[in-house]
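Structure provided below as structure tokens; questions to follow.
Chain lettering (A, B, C, D, E and F) follows the sequence in which the chains are written, and residue indices restart at 1 in each chain.
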Amino acid sequence: MKFVIQVNEGPYQHQTADSAYQFTRAALVRGHEVLRVFFYHDGVNNGTRLASPPQDDRNVAKRWSALATEHDIDLVVCVAAAQRRGILDESEMKRLGKDAHNLAPGFRISGLGQLIEGVVFSDRLVVFGD
Amino acid sequence: MIKKCLYLNRRAPYGTSYALEAIDTVLIGSAFDQDISLLFIDDGVFQLKRDQDTTDVEMKNFSPAYSAFEMYDVEKLYVSKEAMAARGLKKRDLIVDVEVLSDSAISDLMDEHDVIFSF
Amino acid sequence: MSILHTVNKSPFEKNNLESCLRYAKLGSAVLLIEDGIYAALKDTRFEKEVATAMKDVSFYCLEPDLKARGFSAAKIIDGIKMVDYAGFVDLTIKYDKVQAWL
Amino acid sequence: MSILHTVNKSPFEKNNLESCLRYAKLGSAVLLIEDGIYAALKDTRFEKEVATAMKDVSFYCLEPDLKARGFSAAKIIDGIKMVDYAGFVDLTIKYDKVQAWL
Amino acid sequence: MIKKCLYLNRRAPYGTSYALEAIDTVLIGSAFDQDISLLFIDDGVFQLKRDQDTTDVEMKNFSPAYSAFEMYDVEKLYVSKEAMAARGLKKRDLIVDVEVLSDSAISDLMDEHDVIFSF
Amino acid sequence: MKFVIQVNEGPYQHQTADSAYQFTRAALVRGHEVLRVFFYHDGVNNGTRLASPPQDDRNVAKRWSALATEHDIDLVVCVAAAQRRGILDESEMKRLGKDAHNLAPGFRISGLGQLIEGVVFSDRLVVFGD
């Protein structure tokens, strides 16, 4: 089975960002394909490498990055939502004339078309949000 | 490949940005030649209220977009009869022409779609 | 000490207004803002509950939020007073403290 | 086509479960996750409503979320089945599509 | 200057981080020698449920903190009788000793505090 | 009157970040003192200078920065919430060993004590959240 996972909330404030991660990992362990994880709305805040949670707490961005490395999955941050919220990579930084970037490894920035295309070519869309 | 996509709108406008984002997603979806329907239930019916004026809250009034859907061949808009009644809304209060459905017709509508986008 | 209760959620979606009214005492006030303004409308499922609560508690509605959502003072339950942001500030001073029902 | 409905909000706080049950048809299923698990508990104000809905619709509860909140299977309405995250994945495949009541 | 501060908890634990943040704020507040009370109403009463086990969700179990409040002279914990009843909770289900109040006693409690922190 | 304003949500997803701004501005225009605006929970996301909203939309972070400059108000971002969410200034960047910072002008990072202290020395706490 091919999955697309949509994540609508940032880390820590809502458990839904955790649920999305747990579901994605379980699907991969089960041998399914995760075609794409699409970070939408405040979900784009999962993709910052600048987070430093306490030592005894989970590091949500790092956990996603590790999953992407291990299973070669596509972590896409919605560009319009990311621009509004200040999540950007080096090329977005240059394009927008900003002086820093913060996207975590394993994530990429792209448009809503990636969500639609993912849904068209997958078997299931599973949405996690508030 | 064409899928029957249902965009499900359950939130009031402005309090959260879901209504605005749903419009963006629908317009992108239309470019992919998908079979698109929009359904407004619960507080989602408030999205279609006429006369929205966001001057004083200094936010963008996105309600004209609903009238532009037709140009993108997005023509199937459904609202819940029960949701309208509970909120004292009549069809003439809405900014666009919609089909009013009973809750059981809405169940059937959800059933017959391939995928549901929740906003 | 008197309380200004603020409610920013639709009563159709969340229990904030219901909880607020359970604890709002005689002499306190409720200010409806953001999606909370839907509780101020006539002809809804909540009109009666709000009208009953108004016997003890003053009700206000933030007009910028009402207008944004396509409604005007004419659609509001009689006796609910309209305020703008400056009026919101004044209310937080008129009452001794503010309780936000989030 | 059958639907797996997911509900992640407490029924005491939000209307998600109520809306879900209004539209969930015979043969579909409801999976309670996160704060949604409170709807699975015995002896609450919602027990009767859930028990009635169970005549038509299968109910599942995500056990990791139940345990996190201090409850165990013994406190759950009879007939609601427990799943872990792997079981959650299996359910999304067993049913034709997933509708998230957010 | 000492103010009577009421920390109002209305949300379930873990679904959102408000319960965890409320604990942090209370502990900081206690260092300022304020007169602190904690009130749990609505789903907030679930924060005090015994036997929380977050192993499988991989989140931090913060419920032991409630038992540590006494060491910080945070001793006034109140819960809503009606909220407990609606949720099938008994006093023995809770991780700490609390005072159970009726809704009208809770109204009075809110009244007599100088400031309310909402979580 | 002296106010402390607490903001619990980030920009764009929830109107409450807008309401907090409108209230703060109105209080200042009314001649009141705003002792402090405390950004807590996801509210810390109001304080990134990397946001680039569309031209026809409001720029929430810039709007706060302008208000701080004009009225000399104290915009405080909760340090613990900010660390979890990747909002940091130059000194936090160095201390945490990160490679970029993103705090907007006019904001500063400090502890929850600033909220409590503000409440002790003000007349009203007004909370905006979800």
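One rule holds in what follows: a residue touches a chain if its C-beta (ideal position, glycine included) is under 8 Å from a C-beta of that chain, and two chains touch if they have at least 3 such contacts.
These numbers come from a predicted model, not from an experiment.
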{"item": "Intersection of contact partners for chain A and chain B", "value": "D, F"}
{"item": "Touch-network distance, chain D to chain E, counted in steps", "value": "1"}
{"item": "Length of the shortest touching-chain route, chain E through to chain F", "value": "1"}
{"item": "Self-contact between copies chain A and chain F, residue sets same or different by half", "value": "same"}
{"item": "Chain located farthest away, centre of chain D as origin (C-alpha)", "value": "F"}
{"item": "Reference chain C; chain at largest CA-centroid distance", "value": "A"}
{"item": "Centre distance in Å when chain B and chain D are each reduced to the mean of their C-alpha atoms", "value": "26"}
{"item": "Chain B and chain F: spacing of chain centres that average the CA atoms, whole Å", "value": "33"}
{"item": "Multi-chain contact sites of chain E, meaning residues that touch two or more partners", "value": "14-17, 42, 57, 59, 115-116, 118"}
{"item": "Per-residue multi-chain contacts in chain C, two or more chains", "value": "8, 12-13, 15, 34-35, 64-65, 84, 97-98, 100, 102"}
{"item": "Interface hub residues of chain F, defined as touching at least two other chains", "value": "12-13, 15, 22, 41, 57, 80-81, 125, 127, 129"}
{"item": "Chain-to-chain touches, reported pairwise for every pair that qualifies", "value": "A-B, A-D, A-E, A-F, B-C, B-D, B-F, C-D, C-E, C-F, D-E, E-F"}
{"item": "Interface residues, chain E side, partner chain D - complex", "value": "11-16, 42-43, 46, 49-57, 59, 61, 63, 86-88, 93"}
{"item": "Chain A residues touching chain D - in the complex, by the definition given at the top", "value": "1, 3, 8, 15-16, 19, 22-23, 25-27, 29-30, 32, 123-130"}
{"item": "Touch list for chain A against partner chain E, complex", "value": "12-15, 18, 22, 56-58"}
{"item": "Of all residues in chain A, those that touch chain B in their complex", "value": "40-41, 80-81, 111-113, 115-117, 119-121, 125, 127, 129"}
{"item": "Residues of chain C that touch chain F when the two form their complex", "value": "6, 8, 33-35, 64-65, 84-86, 88-90, 92-93, 97-98, 100, 102"}
